[in-house]
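A single structure is presented below for examination.
Chain naming follows the written order as A, B and C, and within any one chain the residues start at number 1.
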Amino acid sequence: MPEGVAVSESAVLAGAPVTAAGARTRLVRRILKNRSVVIGGSVFLLLALVALFADALAPYNPTRLYPGQRLKPPSMQNLLGTDEFGRDIASLVLHGSRVSLLVGGVTMILTSLGGVVIGLIAGYYRRLDIVIMRLMDGLMAFPAILLAIALMAVRGPGVWNVIFSLSIVYLPRTAMLIRSTALSVRELDYVLAAQALGRGGLAIAFRHILPNCMGPLLVQGTFIFAYAVLAEAILGFLGVGVPPYVPSWGNVIASGKNVIREAFWVSAFPGLALTIAGLSLNLLGDGLRDTLDPRLRRE
Amino acid sequence: MSYGKTAWAILTLTVLVLCLAAPVPDAAAQKKGGVLKVGNLGEPPTLDAHWTTATITEVLAQHIYEGLYSLDARSQPIPMLAEGMPAVSKDGLTYTFKLRQGVKFHNGKEMTSADVVVSLNRWGAQSTYGKTLYARVAEVRAVDTYTVEMKLKEKTATVLISLAIPNNAAAIYPKEVIDKFKPAEKATEWIGTGPFKLVEWKPDRHIKMVRFDDYQPRKEAASGYGGRKVVYVNELLWIPVPDAATRVAQIETGELDFADDLDLNAYERLKGSSGVQAIVAKPYYWLVAVFNKKEGLMTNQKLRQAWQAALDMEPIMKNVAGGHRDLYRMDSSLAFVENAPWHTKLQGLPWNEHNRDKARRLLREAGYKGEPIRFMTTQEYKWMYDFALLSKQQLEDAGFTIDLQVVDWATLVKRRNNSKEYDAFTTGMGNFYDPTHHIYLGPNWPGWTDDEELNRLLTELAREGDYKKRFALWEQVTRTFYDRVPVARYGDLFGLRAMRTNVKGFDTTLMRPRFHNVWLDK
Amino acid sequence: MLVVVTVVFLLIHLIPGDPVAVILGPEANAQQIEDARRELGLDRPLHEQLLRFYARLLRGDLGRSYFLDRPVTQALWERAEPTLVLMLSALVVAVLIGVPSGIVAGAYQGSWWDRGLMTLALLGVCVPGFWLSLNFIYLFSVRLGWLPVAGYASVFQDPVAAGRYMLLPAVSLGFNQSALIARIARSCMIEVLRQDYIRTARAKGLAERSVIFLHAFRNALVPVVTVIGITMAILIGGAVVTEIVFNIPGLGRLIISAILRRDYPVVQGVVLLTAAAYMLINLMVDVVYAYIDPRIRYA
């Protein structure tokens, strides 16, 4: 039975709605009742709001330097202290969320889209499959961070370069997922029937294969979001991410590394923000996975 | 008489007791032995002194190699491998150097004129300072086993100082090594005449040097980089520790005995740390923004003058120095205070005017319309990034638009050779021992300063031998410099070093560390 | 593998920046740089360099490091030991913490143990490794002074010192992975405990403890072994950042400095080695898996 279009026998026997629309509503309600989803989702929503309204929320312009105010501890004037150029940490953290969420979000979207395209092609067209698989295997043979660093070294600093590099790094994972679903669905009776009826490959792909992937795709996407946020911070920390004067959590942690004794707050707060962001996304992902497909946990 | 005998006994006893209890006089306290662990910025690109101007190579190479001349405490050339000062012909075109006899290389061979001639020629072909000198040299040849003669094309004031400079130095190698390695190749055998000899180089782990037992020290007292050099420690271990904060931590815990190029933020902590002596390294660099005068926006002199006028340098210097007054100095001379012969004290120069109105006026006169100025810097030298960021804000407040490009050092060094890629970049100037060595004043270095007046003055300086006249010329150079603004000079930044308190004999006045005449007291 | 090699080669040569200029030092001029480039063969066209690269690779020659003046293979060999020690220590930490936690949590599902351990595991996944390292350094080295800040000592030369230097890096690197292992172990344990033969064992009257240890434990271990294999692969990437923070002279630090110095041969060498190791590990995991799982063996 294909997943996702959840019309299970037991549901039918229980008198549940048989239509697809009804099944979907049930699914959504199930998702929203899961505790992980609620907690993770609301924290993440909060984060997104903060990122959106960072300008209004931040007490100072995060890029404004106040050389006389270097390394001041948290006070009424600067709630989270200042860094070595006198920039307000609170403002930096608030604006940093923008970069993190932007990188995470766009990477997630790009990998999902790209993964779908590549995965469907690979799953459907045998000949291309072999070539694509080789390529994906090649890419996956590297630890993600190493590949990201190398790509950044080629492209140079900048937000869009980070997004581009991370998308390439995480693309294979989504592609493989879509491909395996495509492969498993391809042999099913009703797909073969559709083909016999003369339906084109693309139509089949979209009507039959894609809906089955939605669940796992969403779950995978959430985790990729989390990986991308963390990866952006690591790249920033190593100095190969967004330019150092752009407020980003990784950059601020890096600048705090050298003054960790005199001013631990510089590294502490953005790291905390990073942890919270990661937590919310992971909870969300866990919850979605539990509701959408408990069997995924075995992989 | 018994009374007398008792008195004598008491006297003898007292003297004995006093002798035993008395502290050992300090002069004899130099202890031989031990391993001195030094923390380095990283790996040197090579240990071949002729090959590069990189500071880290300079420091390491100066422990195993020597040149004909060295520098004393007043930055004047003094003989090292040469016996004494050279004999100069009447017309000033022939220099005759008498070499010391019985000086041994690390491989046991004695140094002769054959080694000196080929070494100097290799240096003249590869080293920046060597090439500058050799442009005026006709020939270098051996007269006899211990005499070398240098013939010049025209009168040159810079022969001795060029041979004495420790950076990219005219180090003397054995002929066999020179024959093996062409000038453009990095020599991979490191045999010199210095007080230390290289035993092992494990990249990213350590560089091990030991005492050269057959070293022949000079008789004169140690002065500056020269004079008598005695090695007390058994072993000198250079350990690469790229992270500045880690170097600091390791000095505190004693894992390192000496560490250089430390994070300025650690100054307070090191001062208060027991077992550690914090040393302020003066001079270190003066900070500079170099302008692209070949093409682009900064070919416009008024723009450069506007940049110079807009800067309020003291807050920048103070911030770069970690907030510590001891770690920077406001000075406009192009030669450091410590470079006594060439330090100028001119007044009324347009340096550090922090006059925003003047800057705005100059921008208007220049016809500047807010086009972005590409300003290149790197985070690998933290102070470069710091002053670039602080400058950007000040300049933008005055009406500039600055496009700050942060790249790694390798990219910066490459791009700055290409006039299409930038308008300004950050760097630091170290000490130049002679007015004609200031690379930023000439057309052969990035930035491409090609000013008629400056060129004229510098050519005069290369020719003129009289110190008083040279100094007057140098002051003229300085005034012209501040009018033309080929580069924007900020203030002087000092470096931070730290040493365990049981390390004795270290000369803290030297610009670069030397570990001869140093012993471990434990 | 061929794809990997080519991608790596092309990637590196696309990076702007000139290795020669770095080596010669800031005060070199254009002529010196040109001469040195010719010496190193960098002035030949790109495809020619690529072909030479393949040819040398087949002979087992990875080329010569520009910066370090020695064959790449030697450079890799010298730095392999610290990285291997780090990875193995981190793996040991991860397994020692992760497996028992997961087993216990799974065995006592729903209890306070379970909740507590799983919350810790969640944190372990979300806390950025490099931030954790910084905090550890701050706490244990700076404040308490128990352990050295950074550095490395060889196990073969001075085991005690080696242990002290390796403790913080191994723990901070291993902590992230232990969380992953714990969660997998837990779900495997739960799954196994639901099986029929466990119910049989309980019905037979066996003590709970022996039920857990004798039967459930061994079977739950199978997928855990797979995860351990995957963990090893992830550790390769994590080791890079840890080596930077703790100044360990291993392959991770080598590749970062090689990228910064544009030491192309070294970068290629490290990436190739990493990819090969990755593939090797995956292979070993497959073998072990087949060995442990009796069902597969008799298939």
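In this text, a residue touches a chain if its C-beta (ideal position, glycine included) is under 8 Å from a C-beta of that chain, and two chains touch if they have at least 3 such contacts.
Just so you know, these numbers come straight off a predicted model, no measurement behind them.
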| field | Central chain (distance from its CA mean to the mean of all protein CA atoms) | value | C
| Pair with more cross-chain C-beta pairs in contact, given A-B and A-C | A-C
| request: Could you please state the distance in Å, as a whole number, between where the Cα atoms of subunit B are centred and where those of subunit C are centred? | output: 41
| said: Averaging over Cα atoms per chain, report the distance between subunit A and subunit B in Å. | reply: 50
| field | CA centroid of subunit A to CA centroid of subunit C, Å | value | 23
| said: Counting only residues that touch at least two other chains, what does the list for subunit A look like? | reply: 156, 257, 260-261
| Residues within subunit C bordering two or more other chains | 16, 142, 244
| task | Pull out every residue in subunit B that's touching 2 or more other chains. | result | 407-408
| field | Residues of subunit B touching subunit C in the complex | value | 42-43, 45-46, 51-54, 57, 126, 128, 168, 184-186, 188, 202-205, 240-243, 246, 249-250, 253, 255, 380, 407-411, 413-415, 417, 427, 439, 444-445
| said: Under the definition above, what is the set of subunit B residues touching subunit A in their complex? | reply: 244-245, 263, 265, 268-269, 315-316, 318-319, 322-323, 379, 382, 385-386, 389-390, 393, 404, 406-408
| field | List of subunit A residues in touch with subunit B within their complex | value | 64-65, 67-68, 70-71, 84-85, 156-157, 239, 243-245, 257-262
| subunit B touches which residues of subunit C in the complex? | 16-19, 21-30, 32-33, 35-36, 39, 67-70, 75, 78-79, 141-142, 148-151, 244, 247, 249, 253-254, 257, 260-262
| field | subunit A-touching residues of subunit C, taken from the complex the two chains share | value | 1, 3-4, 7-8, 11-12, 14-16, 122-123, 125-128, 130-131, 134-135, 137-138, 142, 187, 191, 223, 233-234, 236-238, 240-241, 244-245, 255-256, 259, 267, 271, 274-275, 278-279
